[in-house]
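Going by the order they are written in, the chains are A, B, C and D; count residues from 1 in each one.
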Amino acid sequence: MDFSLSPELQALQEKTRRFIAEVVIPYEDDPRQTPHGPAEALRDELVAHARAAGLLTPHGPRELGGLGLSHRAKAVVFEEAGYSPLGPVAMNIHAPDEGNIHLLDAIATPAQRERWLRPLVEGHARSCFAMTEPAPGAGSDPTMLTTTATRDGDDYVIHGTKWFITGAVGARVAIIMAKLEDGAATMFLSDMDAPGIRVERTMDALDACFTGGHSVLRLEGLRVPAENVLGALGEGFRYAQVRLAPARLTHCMRWLGAARRAHDTALAYAARRRAFGKRLGEHEGVGFMLADNAMDLHAARLSTWHTAWVLDQGQRGKHESSMSKVAVSEAVWRVVDRSVQILGGQGVTGETIVMRIFKDIRAFRIYDGPSEVHRWSVARRLLRRAAPPEEGAS
Amino acid sequence: MDFSLSPELQALQEKTRRFIAEVVIPYEDDPRQTPHGPAEALRDELVAHARAAGLLTPHGPRELGGLGLSHRAKAVVFEEAGYSPLGPVAMNIHAPDEGNIHLLDAIATPAQRERWLRPLVEGHARSCFAMTEPAPGAGSDPTMLTTTATRDGDDYVIHGTKWFITGAVGARVAIIMAKLEDGAATMFLSDMDAPGIRVERTMDALDACFTGGHSVLRLEGLRVPAENVLGALGEGFRYAQVRLAPARLTHCMRWLGAARRAHDTALAYAARRRAFGKRLGEHEGVGFMLADNAMDLHAARLSTWHTAWVLDQGQRGKHESSMSKVAVSEAVWRVVDRSVQILGGQGVTGETIVMRIFKDIRAFRIYDGPSEVHRWSVARRLLRRAAPPEEGAS
Amino acid sequence: MDFSLSPELQALQEKTRRFIAEVVIPYEDDPRQTPHGPAEALRDELVAHARAAGLLTPHGPRELGGLGLSHRAKAVVFEEAGYSPLGPVAMNIHAPDEGNIHLLDAIATPAQRERWLRPLVEGHARSCFAMTEPAPGAGSDPTMLTTTATRDGDDYVIHGTKWFITGAVGARVAIIMAKLEDGAATMFLSDMDAPGIRVERTMDALDACFTGGHSVLRLEGLRVPAENVLGALGEGFRYAQVRLAPARLTHCMRWLGAARRAHDTALAYAARRRAFGKRLGEHEGVGFMLADNAMDLHAARLSTWHTAWVLDQGQRGKHESSMSKVAVSEAVWRVVDRSVQILGGQGVTGETIVMRIFKDIRAFRIYDGPSEVHRWSVARRLLRRAAPPEEGAS
Amino acid sequence: MDFSLSPELQALQEKTRRFIAEVVIPYEDDPRQTPHGPAEALRDELVAHARAAGLLTPHGPRELGGLGLSHRAKAVVFEEAGYSPLGPVAMNIHAPDEGNIHLLDAIATPAQRERWLRPLVEGHARSCFAMTEPAPGAGSDPTMLTTTATRDGDDYVIHGTKWFITGAVGARVAIIMAKLEDGAATMFLSDMDAPGIRVERTMDALDACFTGGHSVLRLEGLRVPAENVLGALGEGFRYAQVRLAPARLTHCMRWLGAARRAHDTALAYAARRRAFGKRLGEHEGVGFMLADNAMDLHAARLSTWHTAWVLDQGQRGKHESSMSKVAVSEAVWRVVDRSVQILGGQGVTGETIVMRIFKDIRAFRIYDGPSEVHRWSVARRLLRRAAPPEEGAS
């Protein structure tokens, strides 16, 4: 049991922290930011900075130019990156690319790696992950998948509608989940400019931190050659789990950084602004909120680190990653909400970065499995360990 | 003890409900809505509808064309109006006009009534209330007022900076709080197009429901003739309380309607959308959130009604309105946050009205006294009743 | 809409308040109190005081000597009674007698009234309500009833085990729920000293406020003549609801009084005890807890009053009484827990009455339907109103 | 960063777990348990078992027979011990002896070690820590100390009243905090049977897990020879911190075990008991509580481990131990409260161990610094780091 960081990791942490403070944060007022995320030109400029700093795609495989970080190292570095809404964009570690890179690294063929994964790791292209569907399709229950892939010669022909597809606009690559004629879910790789893929519309969203925003995609007779099947046929849901457990943990890492930023902003204000005869933070009501923030941030970090350690042991960590997802997403939400409250008018306006974090972070309690789904899966696992259903039925 | 509504009030409730449903809600997608609130043209069009329906400025004094509603009647009617973000705009009962009308009705001279109040009640003009200042000025602690009013002949000359001034852009009238040379806070009336008032900038804000948004105002040598002093010299803070206790209660009323809308939207979705083999709402985790919503809405309504009754008895109701402000602002926030959670992706995007309510309602826990200030004033009152400070000091 | 109390009710409130303060509270240190509730002799002495004061069984029917209070009047009077743990005992309005009197008043035959109800109203006898069973029998799900009643000539013969039977030791009367051979639940009246009823043991319990404590009852061939069937055969569950909706509301009333006592005790302490340079209550952290107490008590009272009003309109009020049960039981719990925290060491020891209230009140979140069951029934009702299951199934 | 336990520590964990399960838990129904804790005879019997098992005083110094465990090892072992209310008694690691042993080990002279510390480590004697006083003395604010120590020849003569003194009845040794004539707080060692120490009364308490209960002590002319001053004169408050930071962490460890026991009990019940057509735990409302329990236990453990690691680095860990105290005491409380709720009637009666844990654990949010005091000290530290008071004053 040891909570220390290796000197190498500390150095990388410090380097990332400086990069965010000195290079990225100055871009936060850049006008090339839109309600649907940073413009591609801004994204490219930031990525170039990270590349120059040696901080691009640090989770990517080494042979493609990444730093091959362990889950624990990611926990430390991604938290630093998340300190600015533009940090994960700059370092190419934001959803959905971060998870897609992880997935492709795990299951793509050598040829697929070269064609699809390399440009992602190098930051020269972006990707999207097309799984979620409008009602009555696959939402928090992925088994309700309605998009179909029908074999036709050497190709599969895909029909369906996807929505909440993050980063689709501007992406070069899509990973698409569809079910075969026998109902088995399967993943397919496709260029986004292929005929048969159409961005129907970009959705208005509370967050504005993902390049490309969130879109509705129509898949209308999209042809995918069999060589672009990702992994094995019928293994789509299993791969989704391969992608999701670590992917939701990297959300924990990044959003922890964002929450720390909100807290630091509120703390600086509370240490300076006076009201009713003393500094804001010297009012116990405010001081208690700051203390609760500190405790929530600490707990969120420990939970994330622990799950990262579990994953680094080679375990799948489904239980731990579910618990971290719930605990961290709710803790960081409380932190940001309290920070808004402490800042008062400056928390609900563009006077500070905190309003932006507040809007960006809310959906984290929903995506990658809402709190309710994870609580339920944690509960089922507890019950299963306590007593098999058969016994209980007696 | 009687919780029934009179037949007249029921009829007015029903009429308002129909007006909102049939006339106002169809405007919710109107493109004349901006991040800084509905455009003036849209506002005027909605006001004209309310005027035609006999529902304009229902809290205004009868002799100026209002309906002269009691606080209890307002509780019922304003909740209905709040069911759409555009309802209070249409009926001319939104902040800050609602409170300004109340204040002018209470303390304006007959000549001031005619010149400043009449056009507000008739919906032909809008107003703003210029009290809050940037650090180190008056924020949640109004006694830190820095704006000055200096007597110069028959005029007062005002200098200062105000911010978070809602509705300033497009307003005809400003009520300005400034301190005299002896430090006594005083209210002044001014045309907004007077020389010496300048809108420095409009602030980016989380909410987008107030016509004119929120602005920073520079008062640079603004001349106000002595006849435009509102009420007595040096009574500014007392009048602010005259305005605030009922004003914060009308916020409770309107936002209760908004929260009910969010809940109804989430409930309709939970009753229809299926996941994991049944309707969303049939999952206890979701059902419990719906039940908590129902309980929070109920408690918020009862608290608001009770304080309205206290005010109708002619009491100042400071204790009760503080308790309602905290209890209602936090209850409606929980309701809207849960509604977002139930709706999932549709709660954090423009797919439903709920994202908009979520953004609009957050600041209610801050303005008109943040929860912390009200908790503190409730506590001090409890302590004072329990034991005078002198005793405790022994 | 009117929150005022009639002069008569105010007078009764004041009278009750004085009775509790002057007559009942002095008994709180009486040594005739045991972990299983006040001894019968103490109970009798207290009842005699209430009888003398004209405050005995105020909810009982007038023709049997009660005051025939409306639900709203009960809300006011029972809150006062609950201010002392011994108040409801003295005034004969505690569970289970309070509910049993209500039930018998509603459905007993004239002969049954005379024999069973009269002595209860007069305070000369106590009763118990034998419904709950150990696993796998009827707990929070009453339909799992396992106790059987078999017709045998003019009698029914009852077998089964009941537990958590409050007040059984010392009771003269039992109301027993059992199922007939066709499975239909039915209620039976029995003398407690009848052969075939045996108190197996008294259970150790967290609370100590109910005369007779809580027991396990064995029903072993208990013979009940047909004339002692209470109401119609097979209507047992319906009658349980007749009893429960108002009974759980009277719990709300009494426990509200208890929570007010805890709060008053904590407030008095916080107004007097000094730490870190000022009175405890002047520390915002403590002041906020006091303010939250005030808001919770207020909300609990309004919810209780509202449901009482609904019941007084002749409605069954299932929805409202479920909501009040959850909201009030959780609010008063928070109040008492905060009061303990404010009192520190004096909250977790017999130095104040608050430790006792803390122990007595916890089970209220469980009995008469735990929060979870009520939340679920509120949710189902909401869903049913929003959309019939059939529609949702499409 | 590594969350694994060494093989030795795993073995000790497993050994402790078995000892508790096989030896200690069977004593939980032993009749020699009183409202003021286990009787001395029972305590001695349990201690003999631990001695035989090699598990007695595992935190004690090796040269006196302890195992000299690190803070991290204690975190693991004490959690196991806490799984039974009698575990810490058996292993001689309960408050106040655990902390007193730690304190004496840190600052006693060699002669004092031999005389006072050795019998404590060997389990042949018990001790108490006499610091807290009734109003207006030292409560959560230790600086309000009123007990005096006056030099008289080679002795100090002590006068004062102490209360909430845990374990005083039956203790051989007292550590007494008093202030010298110059006001400097100092610690003194005394035999409990010295003339001048009188147990005025034993207090009724919510908890019943500490041998000897909690008492009021009168110190009336108690003579303490100068050689029995503990450490340096005037360093009393500093030593209290030496004692408290680790002592409150060991509370976290033990109560974490107790909360795990409550959770396991509730889980077993929820996995077996059926209601409304399925196992209790299969109801999402119950399942969510189980999941929240699992997350709270996990977070509490990680927080405790982390602070233990900080202490093992030789740091004082005031910030971390304050955060752990608040976070763990509140988390375990939620766990136990939820477990009560899941168990329903069996949670509020002696049918399960959980009622006992519920009563025992409540005061943990109060002693060793209530949550409010720790939140405040965390806040002050945050503010100090963010900006020195001087800057804020500008």
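Everything below uses one rule, namely that a residue touches a chain if its C-beta (ideal position, glycine included) is under 8 Å from a C-beta of that chain, and two chains touch if they have at least 3 such contacts.
No experiment lies behind these values; they were computed from the predicted model shown.
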Between the pairs A-C and B-C, the one where more C-beta pairs touch: B-C
Rotation, 0 to 180 degrees and nearest 5, that superposes chain A on copy chain D via CA atoms: 180
Inter-centroid spacing, chain C versus chain B (mean Cα positions, whole Å): 42
Averaged-CA centre spacing for the pair chain D and chain C, given as whole angstrom: 37
Intercentroid distance (Cα basis), chain C paired with chain A, Å: 51
Interface hub residues of chain C, defined as touching at least two other chains: 272, 274, 283-286, 288, 372, 375-376
Touch list for chain A against partner chain B, complex: 132, 135-136, 139-141, 144, 163-164, 203-207, 214, 272-276, 283, 285-286, 340-341, 344-345, 347-351, 355, 358-359, 362-363, 365-367, 370-372, 375-376
Contact set on chain B toward chain D in their complex: 283-285, 288
Partner chain D, residues of chain A touching it in the complex: 1-5, 72, 267-268, 270-272, 274, 279, 281-282, 284, 286-288, 290-292, 294-295, 298-299, 302-303, 305-306, 309-310, 323, 326-327, 372, 374-376, 378-380, 382-383, 386-387, 389, 391-393
